[in-house]
Amino acid sequence: MAAETAVRGSGADQLAGLDALELAGTGGPGLLSRVWGRVWPMLTAVGLVLVAWQLVVLSGRWPEYVLAGPITTFQELWARLGTAEFYQALATTMRRAVTGFALAVLIGLIVGAAVSRVRILRAAFGSLITGLQTMPSIAWFPFAILLFGLTESAIQFVVILGAAPSVANGLIAGVDYTPPLLLRAGKVLGLGRLQMYRHVILPASLPSFLAGLKQGWAFAWRSLMAGELMVIIAYQASLGEQLHIARELSDSPGLIGTMIVILVIGVVIDLLFESADTALRRRWGLRQPQ
Amino acid sequence: GGGGGGTSAEGGAKEVRLGYFPNITHATALVGVEKGLFAKHLGNGVSLKTSTFNAGPAAIEAVFSGAIDATYIGPNPAINAWAKSKGKAIKIVAGAASGGVYLVTKPEIASVQDLKGKKIATPQLGNTQDVALRYWLKQNGLHTDTKGGGDVHIVPQENSQTLQTFATGDIDGAWVPEPFASRLVVESKGRVLVDERDLWPGRQFVITHLIVRQEWASRNPGLLRKLIEGHVEATRYLNDDPKAAAGTVNAAIQKLTQKPLKPEVLDSAFKNITFTDDPIASSLTASAQHAVEVGLLEPVNLDGIYDLKILNEVLAAQGRQSIKDR
Amino acid sequence: MTDLLTTQPAVRLADVSKVYGHGPRGLLALDRVSLSVAPGEFVCLLGASGCGKSTLLSLVAGLDRPTGGQITAPGARIAMMFQEPALFPWLTVSANVEMAMRVKGVGRQERRARAAELLETVRLGGFGRKRPHELSGGMRQRVALARALAQDADVLLMDEPFGALDAMTRDLLHDELERIWRERGLAVLFVTHNVREAVRLGDRVVLLSSRPGRVVEEFPVELARPRRTDSAEVATLAARITDRLREEVARHGR
Amino acid sequence: MAAETAVRGSGADQLAGLDALELAGTGGPGLLSRVWGRVWPMLTAVGLVLVAWQLVVLSGRWPEYVLAGPITTFQELWARLGTAEFYQALATTMRRAVTGFALAVLIGLIVGAAVSRVRILRAAFGSLITGLQTMPSIAWFPFAILLFGLTESAIQFVVILGAAPSVANGLIAGVDYTPPLLLRAGKVLGLGRLQMYRHVILPASLPSFLAGLKQGWAFAWRSLMAGELMVIIAYQASLGEQLHIARELSDSPGLIGTMIVILVIGVVIDLLFESADTALRRRWGLRQPQ
Amino acid sequence: MTDLLTTQPAVRLADVSKVYGHGPRGLLALDRVSLSVAPGEFVCLLGASGCGKSTLLSLVAGLDRPTGGQITAPGARIAMMFQEPALFPWLTVSANVEMAMRVKGVGRQERRARAAELLETVRLGGFGRKRPHELSGGMRQRVALARALAQDADVLLMDEPFGALDAMTRDLLHDELERIWRERGLAVLFVTHNVREAVRLGDRVVLLSSRPGRVVEEFPVELARPRRTDSAEVATLAARITDRLREEVARHGR
């Protein structure tokens, strides 16, 4: 008995030794230096773009009223940033984008879940989903108005039709590549159909789903920019409207200014998605901290 | 870049690049191109290159970038282009069409006062029709604001959408140009409440005119003259033989869009538009004035936007009356 | 009564066959295999690649259905371990172990406690809050073992659970598995193509032929436990079985 | 010597035996039944949609000129399919889509390659690429006309700006997930920087790149539908123009008919991408024939 | 001249150190390791997980740079095999083998012929047009071996090349490797943590300590070839080395 304990004890020691040996690793660089490492190249890039732009303007190839220079544009943008209207427009657009996108995610999730798990639905509607993705927003306008009249809902309808296919496709791709081994493991552990979905399939498809979300956001945003012209609601300025009006009025600084706002929003959203993605992959050990 | 492709230094251009819309208010251009009237006046050595647009901004972008030399266009984009370029980019060199704008409402609306609390569509915030509606409502004691509030709710939307929303009852009326006004009447049983001509002195106001790129015009006065000669002949054709002209216009529209107008829409629209070489300068300045008054435009100096010298020379050569530029 | 229970096998396969596919393209993976595992018995299933070992375990686990024959596991709860750990990467180690209990509706507190206890059993106390990717291969397999034990099963199916581990880790895990098996009185059906491993662990080694899978021979292992993989007795029996296996394999190469 | 040969011989036999044992597998179902398995659910789905549509129209909720029924629509569509003009429009649009997309792929490839391999470029422009994705096409119209005048090139410009970001993003994602082991293997085999790109990185990123292509196509197509209105080239009908005209004229059967054409093209293209993807994955063993 | 050449080692490491990371968070993976491999010698490098075996091979292969010390491989072309086959899945087996030659600009015809010959050597003649995923694990590793041989190297580095294979396949591949090594007179540096494998294959077994990696002891293996993994002599030496290794490992568990 004593002898056995000794053997076992030494076995445990050896196991612990092996474990300790396997688990070493060095830490990454600190947060501050990581953020700075991301920010400075961006700033440099922006600087370079500005310089190039100014040079084109200075070349005199086009008059200022055709292609506004950075100085005029930023004066215009700055003036706008000082008005309450700008922030209302921004708020309106972001509200629509976020709610529309949220609905699109919900619908994409349901459709994607159904299509990915039911083989007949898949064969019937799988390609239709991508087909819908290629449908330009303006084609939906008449139907949006038929169904919802001149209301916010009509805008949301267009946004959802733009974004939901991407979301669904992302989920479908994720489900497709759920490792069969995990499904078998789930089954052995006694998970039912719904539990399997909740505990195995959904989490396993998260990375691909996230990529679908990102694409969906881009589609949602573009659809929104178009849709905001369809229904102009009293006392609600919006970015889409501003973009359109700037073009309508041949207002070059206004147009470029609005484009800059759109770009900045796009970049910020991308950074959000990216950090979600990075966090996810790190947590799952898909991306080793290098 | 496409800038200035058709011009060389000493006015030795080989082509004229003209823009217009496949639209009944642009009938002058449609007829001029279809009947070869421009080509006839430009002569053998010069070719006519046409571009069609479906809205003003693209046409102005094309003028600004030098991709076209002249275009038929409505009053608003012209004022914008003038204001944005501080009078450097364009000139209005001739009128093309007048009239053909109506307030069409649901049949149960019988008077201005019935409009209270109703939704009325216009093609675009701050365009001529939008300004005209607001100014008219204001004169009738109805308050509006640019955000869609007030006694009458003004909803700017594309004309095509207006057709639909009127049919589904989402709006109660619309202040729109032809052929949309006629379609509202013919297809959706709308009723004409106001003929915009009645609001203007001499029942005349500009709906389409011809603008040119200043840089091109100054380098190619000879080509400009020929272009205007063609334009004048096209206008005369439209007035001399409206029936045949209507057919030509519809044929041209069909060629460009694969969809002709329905005969009843065509007839009604054609009757409601006057084709004239007169750009009706007074209506443009008055309209700009109204826009300032309803708070849609910063005061803009339109002095010099017209250059009717060549037009008047052409008219004079035919023994016709000259046209005033204010 | 007691007598009846003890003589009744934990798992019994009677003339089990399995065909993949249909018609002429069908593949006979298992051909009338009969086999039983007594409660508390450790049976090792040995065979070359593709001889249907995994197929057999899938059938017993209920992941797939036999084409012919019968599988009975009277009242037995069955747990299974795969060649890879098959842990859910998005869950912590502890949550992985708790999964089977969670599905059954066991309360959070109880689950936690039980998982901690099981992790202690596989010598991973204190690692509950790590994620699978932070562990080494050997540790992951131990987590998978803990997860299987959490099912409170009477029968444990193991499909080459230590195939991907290095020799040293494997030796150590053999000791651990033997200890746990003895403590819990489990019936184990252990699949491997490592002959020494089979002899090291099994009460009985069953050799399957290849394509179609058939029971070729059974070798009772009557060596005293604890055994060592590099002991002479294990080597001797292993050499005997190996020769039989090689013969079986070479049959396909000619 | 003889003894050794015997030993070796038996070793070879055993190896061959093991190999033979590992390499068995059953074939999948035949081609015909696979195609049919895909087609019939689609046909059923189409049938169901048609019935639902007819029911809505019959309900009389909206007059026929606001929402055309399937019969009117298919009559209209059929009439169109009989004209040469329809095929010219289709040909024009497809030509633009394909050339624009091809250019977008080329540019996306170059940009993606540069950004994915040069860390500073990545930090500087990475998020900008997604930012560009969210920029609506109409914002580019003025610049397109400035740069290219009223030419096909202006349309292509808009299409490229729509699609290239997706393509680049797909490539970047692919490069990111190129297994480091393969890179190491390439290096050991003596591959230089460019050879590594050509022989390892590009092929390894192909599946993700393909997904990017698919998204890119959707963006390209939508941009094209908008761009075809920006520059209307005389007497060249196009799908985008037809869509717009149908809407402009409130021509409900024409609009729905054009939408159907767009959907069919979208579905066909999706099927092409899908079969490319399936073939690729099967060839690489990423998707086991089930 | 000939004398000089034969006494000059194929690979020589002198006081090689490697630190991952910087400053206080840095990790000393290798600590002044000195080691040489003579031409035609088969050296096995043995050590527990994380002791720096892979790091050492990376340094020799030129995939990474040492922090201190010197590595000389006079005039040697170096090939390497990894634990996983690391084949390019988009290329056929033959194209995989041809890759190194393709990079060097060898003509198509010649490449083909040479690849076929090498595949014959690893007993995979006729499999050239298959894709890697169509092969079994053992076959893939043999393709990887053929690919390494195609580099016409004098030195072959092998990083646990057979770790993922089953025991039987591994035994067979040991025979094959030994044959090829002897035929070609390669210098082999073979990393493993399977003691029996090291004794089975090596002329010399070098035991590394763990973190920092240091040479603890060298064991010359003076057993006659061909050896059998389950022979008594191999088992005896293996047991000795194992004890030493376990001691080394247990040091980290306390």
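As written, the chain order gives the labels A, B, C, D and E, with residue 1 at the start of each chain.
Following the convention adopted for this analysis, a residue touches a chain if its C-beta (ideal position, glycine included) is under 8 Å from a C-beta of that chain, and two chains touch if they have at least 3 such contacts.
Predicted, not measured: the structure shown is a model, and the values here were computed from it.
Enquirer: What are the mutual neighbours of chain A and chain C in this structure?
Expert: Of all the chains present, those in contact with both chain A and chain C are D, E.
Enquirer: Of all chains present, which has the mean Cα position farthest from that of chain C?
Expert: B
Enquirer: Please give the pair of chains with the highest number of C-beta contact pairs.
Expert: Pair with the most C-beta pairs in contact: A-D.
Enquirer: Averaging only over C-alpha atoms, locate the centres of chain B and chain E and give their separation in whole Å.
Expert: 83
Enquirer: Quick one: report the Å distance separating chain A from chain B, using the average Cα coordinate of each chain.
Expert: Using C-alpha averages as centres, the distance is 43 Å.
Enquirer: Where does chain A touch two or more other chains at once, residue-wise?
Expert: Within chain A, the residues that touch at least two other chains are 12, 14-16, 18-19, 22, 62, 66, 141-142, 146, 247, 250, 252.
Enquirer: Among all residues of chain E, which ones touch two or more of the remaining chains?
Expert: 48-49, 136, 168, 246, 249
Enquirer: Could you list the positions in chain B whose residues touch two or more of the other chains?
Expert: In chain B, 1, 3, 57, 61, 64-65, 164, 168 touch at least two other chains.
Enquirer: Which chains touch which?
Expert: A-B, A-C, A-D, A-E, B-D, C-D, C-E, D-E
Enquirer: In the complex, go through chain B and note every residue touching chain A.
Expert: Those in contact with chain A are residues 1, 3, 56-57, 60-61, 64-65, 77, 80-81, 84-86, 88-89, 119, 124-125, 147-149, 153, 155-158, 161, 164-165, 168, 170-171.
Enquirer: Under the touch definition given earlier, write down the residues of chain E that touch chain D in their complex.
Expert: Its residues touching chain D are 61-63, 78-80, 82, 84, 86-91, 99-100, 102-104, 123-124, 131-136, 138-139, 147, 151, 168-169, 172, 175-176, 179, 226.
Enquirer: Quick check: in the complex, which residue numbers of chain A touch chain B?
Expert: 61-63, 65-66, 141-142, 145-146, 149-150, 229-235, 237, 245, 247-252
Enquirer: Considering only the defined contacts, which chain D positions touch chain A in the complex?
Expert: Residue positions touching the partner: 37-38, 40-42, 44-45, 62, 66-67, 120-121, 123-125, 127-128, 130-139, 141-142, 146, 166, 173, 211, 214-215, 217-219, 221-222, 225-226, 240, 243-244, 247, 250, 252, 255, 258-259, 262-267, 269-271, 273-274.
Enquirer: Contact residues on chain D for chain E in the complex?
Expert: Per the stated touch rule, the residues are 4, 7-8, 11-12, 14-16, 18-19, 22-23, 181-182, 184-185, 187-192, 195, 199-200, 203-204, 206, 283-286.
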